[in-house]
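You will see chain A twice below: alongside chain B first, and alongside chain C after that.
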Partner chain A sequence: MLEIKGIEKKYRFKPVLTGVEMTIQPQRIYGLLGRNGVGKSTLLKVITNRARPAAGTITLDGESVFENEHAQNRLYLMSDARLFNQDTKLKVLIKWVDQLYGGFDYALAEKLAHQFKLDLKKSKLRKLSTGYQTIANVIIALCVPCDYIFLDEPVLGLDANHREMFYQALLATYAMRPRTFVIATHLIEEVAGLLNDVFVLEHGRVALAENVEQLQQRGRVVSGPAALVEDYLQGIETLRTVRLGGMLTAYTLDTPLERPLPSGVSLDGMNLQQLFIEFTREEGEGDEV
Partner chain B sequence: MKFKAMLKLMVRWIAVVDVLTIGALFLIEVLAPLLSGSHTATNDWSFMSIIIGFMGGVMLVSTYIGAGFQLGVSRHTMVRAYAAALLFQSVLQATIALVLNQIALAIGVQTQAIGAVFTGFSGQGLALVLIGWAYVAVLTMAGGGVGLLFGLMICYTTRRPIIILTIILCGLLPMVTMLGSMLAWWGVTSLWPAAKSWPEYLNQHAWLIVGLVGLLACAVLLIVRTLYLRLDAPKQVGWRG
Partner chain C sequence: MHFEADSVVPLYQQIATQFEAGILSGAFAEGEQIPSTTMVAHNYQLNPATVLKGMNLLVDAGLIEKRRGIGMFVRAGAQAQLQQQAQADFYQQRVVALVQAAKQLGMTQADLQAAIEKGWGHVGD
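Presenting the complex of A and B:
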């Protein structure tokens, strides 16, 4: 279990993470969601020792992960950061990964490369398109023997077919060898079906950590005549309300399902993306231009 | 495990680069003049060792810093691996320099022993060989340390003024060291005239220079260590991004 407590990080004088608290359980698939610039990538970098936190602790099964190679050997971060010399051949890169992590799954890498039509033996990083660089990174991430895999924008630059192939590959490798995946992405609708749990980062801290199914059950859109909706949602905190003439639409995570629904008022579910949008919407956003 | 694996990668790479670079320089500086009928070769192992060491340091850090962060190697381990790789480079370079110089002498090239750069050094035989070897080794180490520092700055900054300042600083460091060593020798002999009558092996400032360059190398490596332990991963590495 990976426990993150009070993580803070500043870039120069700008605070990015301001006390992140989260617990990541083994063998689950998490979504790490948040608006642009909220600190998702920074958090993943801190977890994998690429960035030094200003405060806080991260422990893996009780052992600190900072500057700890034993712990870091169980964590792998795939991101679009170009940390290797771009003239490096993929086969050399894979050899390095194998030498430093041990137990790289060459057979799976070959199989995935064949599916994605990527030549692992001859390709150089520089010669690959953005999409294929992502594919190369994804293949390596799926084949390392780590228990916790962090995928930062794993479908960046991938076309719809390749994205679909990636999701299938991820599920297949998860079924073969269950381990934890934490996926930071903006394509929420696409990954929603893969996720067990979700973390939403807002203002540098975790604003929501919940099981996806439960969250989707909680999220509702209530709409109807304003007076009836207001009466139905009395005492309930709403994420947002939209008033149009005499009609009111309210988005909430705490629908009082035990209350009888007044006639003329409708109650609809929200998918993960809608929930995320409403949860992280800021004052004035989405108003008419 | 990670230290061994990373060091193995670095050492293999540095051995190839070192042998090729020194070989090429030897061909150009010593053997090429022979082909043109000249038997006079330059003896500038000190310059060559600083430059090759410097290049080795820059290339080491720019090749492996990203791999270190990406592949879960701790900063402490990376610093140890860089230092060990530089040590290997220094020993290798000094040994190759010694061997090549002996070959040059054996085939009649009009050159001199590496240790002979210290005018007035009266040590002969083994002492002369030893001082030459140590001199090239510490200069390579110092050049390598400065190269690491420069490589780090290049990885984290692309701003031209800082790059120019870094180049000037790096160029000045060996000269400052030489000047420092001379002043130190002058200071020692002024305060303690008896030093002038030390036994043969110690009777000139050669060992003092070697010692001071060694100290410079250690100081630069300490600066690199202090910096490296405070670094976040760079956004990207590579000569052309």
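Presenting the complex of A and C:
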């Protein structure tokens, strides 16, 4: 188990992380969601010892991960390959990763490279397109023996077919060897079914940490005549309400499902993406232009 | 199979429902093996735990059984069990609603019976 407590980090004197608290369990698939610039990448770098936090602790099964080679060997950040010389052939790069982490799954790498039509022997990172650079990074991340894999934008630049191939490859390797994946992505709808749990990073903190299934049960769109909707949601916190004439639409994570629904009021589900949009909407966004 | 992420129905429930439909239609015949959790998870890009939770509903209902080290199989009598359940649901959900709707429209029992007979003759199998 990876325990993250009170992590603070400034970037160019501007506070980015202001007390991040997270518990990451073994063998689960997590989504790390957040608006642009909220500090998702920074957080992943702090966890994997690429950046030093101003405050806070991170422990892996009770041991601090900072400057701890033994613990760090069990963590892998996908963007690691960018640290390597971009003119190196992928084949050589993989050998380095193998030397660092040990136990690299060469057979799986060959299989995935073949599926994605990537030549590991000849290709160099610098010469690849954005999409293929991501593919190369992702393949390496799926083949390292680490217990906690952090994928920072693993589908950046991938076309729809390649994205689907990636999700399927991830599930296939997860089935063979269950381990934790933390996926930072903006393509929420695509990963929603994959995730056990989700973290939403907002204003430098984890604003929401919950099981996806439970979250989707709680999240509802309530709409109907304003008076009836207001009555039904009395005392309930809403994420947002939209009024159109006498009709009111309310988005909430705390639907009082035990209350009888007044006739004329409809109760619809919210998918993870809608839920995220309403949860992280900033003042003024979504207003009429 | 098709899963809706924004449905009020949880994904695991949707998985159970879709497998039930498959057993009811005979697509998954009694005594036959159904696709593994891993295969369903892979094909539909779903978390294996979600798929397993859905399949376990079917195990609990006595529709499928786990055979250790091999996989999940449709149990004998599963189709008949689902058919019975579907007929009970048909009365609860359709017939009751139909009678209510007819009453709201001011139709008599004879009117409704006549309408059903007309429909029965017109709609092919």
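The rule we apply is simple: the second predicted complex is superposed on the first by the 287 of 289 C-alpha atoms of A that agree within 3 Å, B and C clash if a C-alpha of one lies under 4 Å from a C-alpha of the other, contacts with A are read in each partner's own complex, and residues count from 1 in each chain.
We take it that a contact is a pair of C-beta atoms (placed from the backbone, for glycine too) under 8 Å apart; a residue touches a chain by one contact, two chains touch by 3 or more.
Just so you know, these numbers come straight off a predicted model, no measurement behind them.
Undergrad: Quick check on the chain A-based superposition: chain B and chain C, clash or fit?
TA: fit
Undergrad: From the overlay on chain A, compute the angle at chain A's CA centre subtended by chain B and chain C, rounding to the nearest 10 degrees.
TA: 150
Undergrad: Once chain A of both complexes is superposed, is A:Ser64 in touch with chain B (first), chain C (second), both, or neither?
TA: Touch partners of A:Ser64: none, neither chain B nor chain C.
Undergrad: Scan A:Thr130 for contacts with chain B and chain C and give back first, second, both or neither.
TA: A:Thr130: touches no partner chain.
Undergrad: After lining up the shared chain so the two structures overlap, which partner does A:Glu164 touch, if you call chain B first and chain C second: first, second, both or neither?
TA: second
Undergrad: Considering only the touch criterion stated at the top, classify A:Asn211 as touching first (chain B), second (chain C), both, or neither.
TA: A:Asn211: touches no partner chain.
Undergrad: So, A:Gln25: does it touch chain B (first), chain C (second), both, or neither?
TA: Neither: A:Gln25 stays clear of chain B and chain C.
Undergrad: Tell me which partner A:Ser266 touches in the superposition: chain B (first), chain C (second), both or neither.
TA: A:Ser266 contacts neither chain B nor chain C.
Undergrad: Once the two structures sit on chain A together, report how near the CA atoms of chain B get to those of chain C, whole Å.
TA: Nearest C-alpha atoms of the two chains are 28 Å apart.
Undergrad: Which chain A residues contact chain B in one complex and chain C in the other?
TA: In chain A, nothing is touched by chain B and also by chain C.
Undergrad: Sort out for me which residues of chain A touch chain C in the complex.
TA: Going by the criterion above, the answer is residues 29, 164, 167-168, 171-172, 174-175, 189-190, 192-196, 213, 216-217, 220, 267-272, 274.
Undergrad: Under the touch definition given earlier, write down the residues of chain A that touch chain B in their complex.
TA: Per the stated touch rule, the residues are 45, 48-52, 67-69, 72-73, 75-77, 81-87, 96-97, 99-102, 126.
Undergrad: Would you tell me which residues of chain B are touching chain A in their complex?
TA: Residue list for chain B touching chain A: 1-2, 5-6, 8-9, 62-63, 65-67, 69-77, 230-241.
Undergrad: Which bits of chain C are touching chain A when the two form their complex?
TA: 3, 5-12, 38, 41-50
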